[in-house]
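Chain IDs A, B, C and D follow the sequence of writing; residue 1 opens each chain.
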Amino acid sequence: MRKMMLSTLLVLSIALFSVPALAEGPVKTLPGDITLAQARAVLDAALKKAVEIKVPMNIAIVDAGGNLKAFYRQEDAFLGSIDISIKKAVTARYFNMTTRALGAVSVPGQPLYGIEASNNGLILFAGGVLLVDKNNVIIGAIGVSGGSVDEDESVALAGAAALK
Amino acid sequence: MRKMMLSTLLVLSIALFSVPALAEGPVKTLPGDITLAQARAVLDAALKKAVEIKVPMNIAIVDAGGNLKAFYRQEDAFLGSIDISIKKAVTARYFNMTTRALGAVSVPGQPLYGIEASNNGLILFAGGVLLVDKNNVIIGAIGVSGGSVDEDESVALAGAAALK
Amino acid sequence: MRKMMLSTLLVLSIALFSVPALAEGPVKTLPGDITLAQARAVLDAALKKAVEIKVPMNIAIVDAGGNLKAFYRQEDAFLGSIDISIKKAVTARYFNMTTRALGAVSVPGQPLYGIEASNNGLILFAGGVLLVDKNNVIIGAIGVSGGSVDEDESVALAGAAALK
Amino acid sequence: MRKMMLSTLLVLSIALFSVPALAEGPVKTLPGDITLAQARAVLDAALKKAVEIKVPMNIAIVDAGGNLKAFYRQEDAFLGSIDISIKKAVTARYFNMTTRALGAVSVPGQPLYGIEASNNGLILFAGGVLLVDKNNVIIGAIGVSGGSVDEDESVALAGAAALK
């Protein structure tokens, strides 16, 4: 209960902070959406992990609306993984779960078989993870592609942990 | 026979009603195609069911031509299900059966395996249902996406029932 | 000043309201984004105007992230305007201005000539208008297509006014 | 001549540096192509300029192959400019000139009129600039979108200057 009140206060302070002192037209970004500073912190944490496991990666961040916010490609990372990393981030946010979890119910014989034909292509293997902030709000997602799917996911999780 | 005559009369009276008093050019819409009033009745019935089962949904209605007629997305419904709900409605109308039925013959080993690659992407799991009016004419379809495929289909069926 | 404090309070109360009493996982929608109730109020106000001027319309609503929230097509409205109305709403939100304003700087000889080649197609004539709530936050956009661009825009403006 | 030898030596030393100590397969990246470290330096210099002129921007970097290397979107930057900034960078590299220069020969009456229909959409106004390294080699391009085309280009030029 105490925890809830605290997170409520946090949300309130964010809301307060977002109201511009001098309104120069309407507010353009919904209060609480991922900032570039947050996205860069996620990218840096993910990069650190990628360097640690020595696998060159593509790393994409999308905001709460599923729109690209930031992206890095390391040297030697697959060119084909540019699109995959972005689609992993989009897929995670579009269905509010990891791409691993969505993939598990989308194989032949499972209820969502064929779902990848939607949304101009979804990615259904591990490496897409939600970005949840300290107020427990989903503010975007990270998608990583370049190594094995387990390696990809470990880098995505390392990135997501930067927001906690 | 008597039954046929009655339904013929119904069709005629609908057709009569649709002919503008003062024709200013050709009639633009096929007599009997789903109206916005009907589409909204279907949406409302579907929404009611979605609220009842507590699963936020995307709900799409297409007309007899397979073109989007109306759409609602509830709060917290998957962003990725916008496209899926529309594709479910389109898929149901394009093949005049539920997406569940089409899916059953499209899995590996079945005759229509791979059909989802056509039509810019079909959806082959439950949640797309035909809209049939009181004259037993297919006037469109409803596609629902947001929960399990069984939940999606239950909402689609609740919507379709509004036309009976 | 008093007005600013009031709108700040409104934002606060919205934020408060959005924190789920019983957290069942992270919050899925950014507090303050357009609700289906708001979208329907906009659609109803736009429909009323369309009926008044006797021009059948396609009316699309997108949220703050540019994703489809709600859509209506009236009887006899152009089928080709389904896509145009959605693209108008997306275009307005993508550039935080009316499609009329964007169009004015995108004609031959103007600085943004050719911009429509981006984003899978933008629409650069009137009929797309921002949706701004009482707290002066952009929470989405409305796109209308079916009549002359002035008619379209008058319907979009009537819809947007429902949020004030 | 002396100058050439020096720059040749530089290229050689870069190439040497890029050859892995223990080759485990062929070298995957062309020696001299833009590195993530360089791309981040360009992004930081561009960001600094954007903050200075107070216009929120989308900033995209592509490598010598025209493939996305890094991307940042600032708060309040247009969602529609994600695609435009990337297309500006791609367009500059695809034709090895600024998007401003290409635009000048692509307006009605000019020889390349209509070129934007190629390559899934080119952008033909200012804001795309080549990235040329100290050896006078084109190693990629930067595309900026968010303000007026002159503002966009000033940010792109500030970014490109980071490599000199």
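Of note:
Definition applied: contacts are C-beta pairs under 8 Å (C-beta built on N, C-alpha and C of every residue); 3 or more make two chains touch, one makes a residue touch a chain.
According to UniProt, the chain labels map to these proteins: A, B, C, D = Heme-binding protein.
What you see is a predicted model, and the numbers here were worked out from it, not measured in a lab.
Put simply, the chain farthest from subunit C by mean CA position is D. Put simply, the C-alpha centre of subunit A and that of subunit C have 26 angstrom between them. If you average the Cα atoms of subunit C and of subunit D, the two centres end up 34 Å apart. The set of subunit D residues touching two or more other chains comprises 79. Pairs of chains meeting the touch criterion: A-B, A-C, A-D, B-C, C-D.
Interface residues of subunit D facing subunit C in the complex, by the touch rule stated above, are 78-81, 83-84, 87, 103, 106-108, 116-117, 121-126, 148-149.
Those residues of subunit C that touch subunit A in the shared complex are 4, 7-8, 11-12, 14-16, 18-19, 23, 26-33, 63-67, 96, 130, 132, 135-139. The part of subunit B that touches subunit C in the complex is made up of residues 28-29, 35-36, 39-40, 63, 65, 67-76, 79, 82.
On subunit A, the positions that touch subunit B within their shared complex are 65-66, 91, 93-96, 108-109, 111-115, 117-120, 122.
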